[in-house]
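Multiple structures are listed underneath, in structure tokens.
Note that chain A is present in both complexes that follow, paired respectively with chain B and with chain C.
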Partner chain A sequence: MDKKVAVYICRGCEIGGSLDIDALSEVVTDECEIELCRDHECLCNDAGLELIKGDIQEGANALVISGCSPRFKTDDFKFDGCTTERVNLREHVVWSHEPNDEDTQMLAADYLRMGIARAKLAELPDPFDEEIDKTILVVGGGVTGMTAALDAANAGYHVVLVEKEAELGGWAGKFAWRFPLSPPYKELEPVDLSERIAEVQGNERITVHTGTTIEKIDGQPGQFDVLVKANGSGSQFRVGAVVQATGWKPYDASRLGHLGYGASPDVISNVEMEELIKTGSITRPSNGKPARRIAFIQCAGSRDADHLPYCSSVCCRVTIKQALVTRKFDSEAEAYILYKDIRTPGQYEDFYRSAQDDPGIFFTKAEVTGVEVVGDNLQVVAENTLLGDEIRIEADLVVLATGLVPTSADGEGLRKLADAKATIAKGEEGAALEAAKVSFEEFKHLDGTEILNLGYRQGPDLPVLRHDFPDSHFICFPYETRRTGIYAAGCVRGPNDSLVSMEDGSGAALKAIQSVELASMGSAVHPRWGDMSYPDFFMQRCTQCKRCTEECPFGTLNEDEKGTPLVNLTRCRRCGICMGCCPERIISFKDYSVEIISSMIKAVDIPDEFEEKPRLLGLICENDSYPALDLAGLKRIQHSAYIRFVPVRCLGSVNTVWVADALASGFDGILLVGCRSGDDYQCHYIRGSELMETRSGNIQEKLKQLALEEERVRLEQLAISDFDKLPQIINQFAEEIDEIGLNPFKGF
Partner chain B sequence: MSGNGKRGSVLVIGGGISGITAAIEASEAGCEVVLVEKNTYLGGRVAQMHEYFPKLCPPTCGLEIHFRRLRTSPRVRILTLSEVEMITGGPGNYKATIARKPRFVNAKCTACGECVEICPEQRADEFNLGMSETKAIHLPFEMAHPMRFAIDSDACPGSSCGKCVPACPYDAIDLDMQPETIEVDVQAVIWATGWDPYDAEKIDNLGFAEHPNVITNLMMERLASGNGPTGGKIQRPSDGKEVESVAFVQCAGSRDENYLEHCSGVCCLGSLKQVRYVREQYPDADIYVFYIDIRAPGRLEDFFAATEKDEKLTLIKGKVAKISEDADGCLEVEAEDTLTTERVSQTVDLVVLATGLVPVAAGDAQVDGELQTDEFGFLTTEQEQTGMLAAGCAKRPADVATCVRDATSVAMKALTSCGE
Partner chain C sequence: MSNAVLLVPDREFVEELIASGGGELKKCYQCATCSVVCDLAAESRPFPRKEMIWAQWGLKDRLVADPEVWLCHQCNDCSESCPRGARPGNVLAAVRQRAVKHYSVPSFLGRWVNNAKLQPMLLVITAALLALALAVKEPVEQAMSFGEPHGFYAEFFPHWLLIAFFAFFTTLAFVAAVLGIVRFWRAMKDADAGRSPPTVGLLTAIIRTITSVFVHDKFGKCTSKPSRKTAHLTAFYGFMALYVVTIWAVLDLYVLPRFGVVAMYPFDLMHPMKILANVGGVLLVFGCIKAIIDRVQKTDSSQTSTAFDWMFVWLLLLVGVTGFVIEALRFAIDPAAESAMVTVAYAIYFVHLVLVFQLLVYLPYSKFAHLLYRTTAMVYVERTGRSRQLALAA
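On to the complex of A and B.
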């Protein structure tokens, strides 16, 4: 379709009063040679919108709408069949600069030139059309997985549920009693999963495979080919999305020798206590006699830097439950609970109270230092943290409240292990071999921990964060993992009680459903929901450098033997990080490409060196920094009129060629603004800011080679709430560049 | 769901983080959603927070993504200044009656702010918990969604003044705007009504309202926020003095049979986070936390462990018995050690009460066939009527991550309630 560019300049919101609109129109018509340029007193009112719609009927299809920020009146300025470029003359120009000033006018003119440059090249995305299977695979048949399976089935989806054990039910199925999951939150509840298991097994949309493990999952959302194995024989099927509900394993009590585990058969873990409870009476493993004085040691291995640094969340309630069960079985029995803090959140305060009201249950805040075997009996030695003295508690049974360890497999670590093994097997020598040996030692403990066995270049399982929890933005977007279409739920994602785990199963099922539905429309999932653009690779020019396959935060790309990227579009989140890292610049989106952004940079009118007007380029993350600049404008905070901003999907999508282009065009400095990186990263694509840090190191090297000052390129990280600081950053940068002086390449 | 077709309709009551999440997640799975919020803006309590624990990152970062999703979603209808009055019907076929108060500013508003200067009337800014003022015509806050001004009818004399009407270049102010009643038919109702802070005035021994330098945890969030009444400076309300010492009083009302019997779940982490706020501004301040148990579940323990390392932070296991004020506005905090029964006393510049969460539940809405609540007033997970669903703090005290997770799971239940 032929492009017909139409430019609209809104005069409202101080724009008309602060800028020479006629002069701007001349830039559009005479300099940029766009015939159709209109200005209007208020483009967002009915008359303004009608004006635009009229032109669209006459064939205009590449609209440049200059007025307020694209974050504003978004719906009003969306026109079917047209590309729309919003030129932010309001927040980024007139609200943040001196009115009727030469520099402000130049800024507005440049933003129009940039908008037109983009409009000339950007095309409407044409969504991919892939055959999408909407079956949901649930891995793990505990309460989490069963809930996910039932919810997805009840919403109309086919489900395959794979469980490695012979029976469904998981841990909850092994327990006789649980703490209450519904009001009143005072009493013990018997556990009976038979109804739920029958419901799963009887659901015509759910196929259950017990005693089954996953051998391989190849493909991408909507097209995952799954190979499973049961009793030595394999079978294969296709699914669209995956819920990993593989649960937890108890912390290895044999590592708790300092708490007496192993010293006496009467020191047991809380999981072993569950087995005793299931027998109907609490007896001492050493002699089969009833246990009458039971000491519970809380945080056995949890909240401990040498073991599990995190809190396992459920152990306080589990212990209270076990103490109450003990008392229920034997009213003569006494339970001593030695704790750091009792953590019974929300309504479970009542459950705690019911134990506090029990005359046979005693709570003591204490730091347990050891468990000693004295004759036939046990003594728990503790430091009373409140009084500072040593206390000894006689017990005939000690229960260690061991914590929950996620069953996640460290996908990235497994990849490194496989690489190390391959290097060693190949018979490499020297430094490569040494590095491989170090890597092998670091990751060998992961051997055999694979769960999903994904056919992903970046590793066979979900990548994990601290404590091995496989998520990516656990506060705001808790279900997001770094593998599109694969969602973790329940205790694999963190220690939870069974109610929260079941809820979690529902949530993950919803995300799985969304991912297949959106894939079937060609749409991206969170955080670019509704984006129909996708990366296109011009493979003839690929040099197999593997940067894209390594740097994609979502493992979108596989590789063939030569290292050529194999694209899996439905895995893609459309962040453009591959585009940013590609040295050959062969990766483009229809509406976002190296060429488009370069053309915007080159469209800026650079004053010659005699005008003494520096020009700065700002490459700015559209998720946080761009809105921050809007907010600064809304607050009328002024910033230097020498800078021109180009929003980018993520700072990680910045290709260093843009920096080179800018310097070659005569820009004097380049400011890169993105989200926080590091352990507490805020980058919406996880690694974008971090990758840009690495790349900007390379940029600094290049500057040195060109005998340019390193200070000409600056990387800043900014939170959206720091909108008042952004103008300061800009102004400081402008001052620094002023001191350094103009780009010596200007005019060449 | 067949193709891109409609999946069913869902009403979400409450536009805080739980409601926004439930609305977006349900809509992105194909549901038509009506999102009802009583304030002039979405975001609820989280919009008033300075930072989230444990990352110490701004809530507006996530809200911006949510608002972008809402801006581009054709399936979510947002009704602000609205409250559900009545729900009739039953499973599969609920009819909700929604009362919408006039905003007096229509969709033509461009948020240009021309109207503000001319407005002669001031009002207490409830976004800042009354610690600052705005004009009667005001933008709720700079990240408000919808990004549109509103007139507080309690402060505005209406057409007898009318100065803002001609000041608006876009014909956006309509002082004759009338309340409306809107009816919607839905298959599922998500109650994401959230919480109110426990009224600290009810706790008679802690001196709130009596002593100006005794503040609540929510007030602390506003004081620490760059867009708050002090521009982000933590200072004493009585005299604007910098603080050299701060005491946090945990379980102010919570875990107490005289006030709130439940544990409010988030106040421990909330206070530890605020310890960080104070420390960032005052490297030498003495900080005391009076607590019963520090409850930092899961990975949040990391945040507790890191905060605990602060050498000028003292954790005192004890329930505060009394707070009294001296002539300088300083406060003496007296506590009773729960085990030793010894009394400890500490004089500080500022006291922060970690007040708890009171469930709003169904509020004043009339619901056919009743909603079930537990003994604490929270809506129960299992409701008798299919398609009646509670999410987030309407159901239990929870932090943001838990609310988001829960709201997503409830969106799933809404989807199944809508049928196939």
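On to the complex of A and C.
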């Protein structure tokens, strides 16, 4: 298709009054040789849009619309069959720079040149058209899984629910009493899941497989082929997305010897207490006599660097429930609750209050230092109590409030184990064998923990993050894991109560539905939903370096025996990290490629060394940093007019060749701005910023080789709320580059 | 085995405190707002926070031996600020009530005097005792020949009998009070276990305490609401005036004549002692009425009133009111002409004596005992220097 570029310059929102529009039009027509260039007082009004539509009818199909940020009027400036390049003259130029100034004019002209360069190369993505199955697979039949299944089914989707145990219900089904799940959140509630289970089993859209495990999940979102096994016989079916709601397991109480576990049968875990409660009376396991003085030790192995460093959020309420049940069973019974902090979130404060009001339930903050067996009795020893002094309390029964551990499988660890096994089996020798043996020892404990058995090169289960939870926990992307189309919900996502777990079930079901629907449209999922582009691999030039397979945060790529990447397009989130890492530069998107960005960089008019106008390149992440710069503009915070920003899908998509191109074109400094990396990462593609950190290390090595100052390339990470800091960062960088001096390669 | 103290939670004691006006004590979650807002609490180990958790765990031994519950003047700043509605002021009042009961000798009186249902029975017993005294009046007078009675009511209840009767019972009460104070002092000392040794002499501590009591400086610390200081101060001085007059009357009748001073009793209206008595009576009645109105309308800071509180304030008021009535009748009635009115006056006088008996003889067991225990506790903390710390903190 022939490209016919049309450039529009909007004069509204102060643009017309701050820039010489005629001069800009000359840049377009004379310098860039684009015949069709129009300006308009308000492009987004009906007259403006009609103007554009008229040109489209005349054959214009590559539009460069210069005006407001592409984050505004997105739908207005979307025209079928046309590529649209938005040039941000408003937020990034006139709102953040001196009006009618030479440098501001140069900035606007450069942005137009860059937009035109991009418009010349960007193509419309080819439609993606493959059969998509919209069935949702829910793994785990506890309260979370049942909610996910019901919600997805009620939304009109077929659901397959796989539960490894013989009954649905999960942990909740094993308990007799629970803390309240409905207002006023004060009274104990008996657990009765039969209605819910019947609802699931009776739903015509839900297929329930109990006593079933997953042997294999191959494929990609919309096309997952699932092989399950029940009683030795297997069956296969196809689903579109997966909700992993495999729940939790209790923290291993046998590791809590310091709290008396194992020293007496009368020291039990809270899960064992649930079993006692189920019998209808609380008796001492040692002698079967009634337990009337029950000490509860909170945070047993929780919020403890040697055990679980996190708070499991439910243990306080579980203990309060158990204390109330104890009192309900026996009015002579007393419960002593020794806590680090009582944590009863939200309305559950009222549940805590109702237990407090009971004269037979005693609370104190305490650090329990030990549990001793004294004759027939147990004595809990504690210090730093609010009662003053070091105290001991006699008890018939001690209950350790242990925390929740997610039933996730460490996908990456399992992959390393599998690789080590393969290396050993292949009969390799020398260093490779030694490394494999070390790796095998390190990960052998994971053997047999597989849950999903994914056919992904990066590992058979979800990669886990901190504390073995597979979810980032960043507020902007709940339920998302590092596998597109697979969502974590309930206690495998985080230590939750039943209410939050059910909410999770609903949320994850919605994410799963979004995923299959977007896949069926050929679109990416969050955060690039609506993006129809996908990576194109020019395989003839692939060197099987496997970098893309390894670096893709979402495990999009499998590989054949030689190591050639095998693409699973619907797994892809279109971040471009593969494009950024590919040393051969064979990966590109129709509207985002190494070549397109290079051409934008090269389109900037670099003043020669005598003009003393430095030029800085800003490669800025579209997710949070670009909107932050828009916000700064909205607040009219000024920044240096020497910088030219190129938005990138993710810092991880930055190919180092762009840096080389920029330096070769005469740019004096390069600023890379993206989301935060690290434990509390906010990178929308999880590892993009982190990968860029590694790559910028390599870049600086290169700079040294070229005898250039390392300071010419700087990586900055910020949150969207740091918008006010961004102009400072830019100005500071501009000052530093000014001090260092101009790029010696300028003009070559 | 560590040095940890074995804690024995006492659910029944918790329930007792709840029943004695500390109904919200379980609501405390130990945020310490109470101790922060309290102008009387010390910086380290301040009340009422620690007392609140002791109360929640039913640690009776610690609570009854705690001088600090008596340092509280129940301004209820803490109850106002408590985010949990645990009303620490009421809890401390319940603890004080329980402590009075705890130190009562004999202990059954501690239980009886504070039981509202037993009040008619106690009144009947007192009336019977007084009737018994009247019954022995004539035989004893004939045997001992005390001479002419002085005054209007002395015809009915002669001074010698009155003084002998009350001297006997108030001595018993005094012994009971001393025993209670001694037990309390020992308990405080044992509980302290040598942690805060005395810093000043006992006499200094007593003088400082009495000075503080006479100016009611602790009451004045409450700033958030109109304090109970006015009511308490007037009733206090009213009572003190009447106490002085009573002592003077005894001296006037039985001691001064031995030194050649002519007995002036019964005093006429312009006698300085009579003026003092009338002023005292007015103050007492005013103080009691104000206290009752404040409690009913809750215009002051006292929020919850228990039977323990009501019985005491009403008793005090009735003593004052009946006192004025009998005084008025003495001046109004011509004994020779109006014999019927004389009988009425004697009957009211009898009631007055019953009420005075209730007030004075049961002092160690009623709310009146606060004058013993609060003073003792104040002396104790003054002596150990705790009160200096309190003053600095405030």
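As a working rule, the second predicted complex is superposed on the first by the 717 of 748 C-alpha atoms of A that agree within 3 Å, B and C clash if a C-alpha of one lies under 4 Å from a C-alpha of the other, contacts with A are read in each partner's own complex, and residues count from 1 in each chain.
Rule of thumb we're sticking to: a residue touches a chain if its C-beta (ideal position, glycine included) is under 8 Å from a C-beta of that chain, and two chains touch if they have at least 3 such contacts.
Computed from a predicted model, the values in this text were never measured in an experiment.
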item: Fit-or-clash call for chain B and chain C when the two complexes are aligned on chain A; value: clash
item: Touching partner for A:Glu517 - first (chain B), second (chain C), both, neither; value: first
item: Touched partner set for A:Phe362, first chain B, second chain C, both or neither; value: second
item: First, second, both or neither for A:Arg392, with chain B first and chain C second; value: second
item: Touching partner for A:Tyr336 - first (chain B), second (chain C), both, neither; value: second
item: Which of chain B and chain C A:Ala418 touches, first, second, both or neither; value: neither
item: Which of chain B and chain C A:Ile637 touches, first, second, both or neither; value: neither
item: Per-residue touch tally on chain A - higher for chain B or for chain C; value: B
item: Touching partner for A:Gly12 - first (chain B), second (chain C), both, neither; value: first
item: Touched partner set for A:Tyr348, first chain B, second chain C, both or neither; value: first
item: Steric overlap of chain B with chain C in the superposed model, located at which of 151-159, 259-267 or 331-339; value: 331-339
item: Doubly contacted chain A residues - partners chain C and chain B; value: 342, 365, 386-387
item: In the complex with chain A, residue positions of chain B that touch it; value: 1, 4, 25, 28-30, 52, 54-58, 60-62, 64-65, 68-69, 71-73, 108, 110-112, 142-143, 147, 169-171, 225-227, 255, 261-265, 293-302, 305, 317, 337, 339-340, 374-376, 378, 380-382, 396-398, 400-402, 404-406, 408-413, 415-416, 420
item: Residues of chain A defined as touching chain B within the complex; value: 12-14, 42, 44-45, 68, 71-75, 151, 154-156, 181-185, 303, 305, 309-313, 341-350, 365, 386-387, 466-467, 469, 474-479, 494-496, 499-500, 503-507, 509-511, 513-514, 517-518, 521, 526-527, 529-530, 623-624, 627, 631, 634-635, 675-676, 680, 682, 684, 719-724
item: In the complex with chain A, residue positions of chain C that touch it; value: 1-9, 11, 14-15, 18, 26-30, 45, 49-50, 53-54, 56-57, 59, 84
item: Interfacial residue positions of chain A with respect to chain C in the complex; value: 334, 336, 342, 353, 356-360, 362-365, 369, 372, 379, 381-383, 386-394
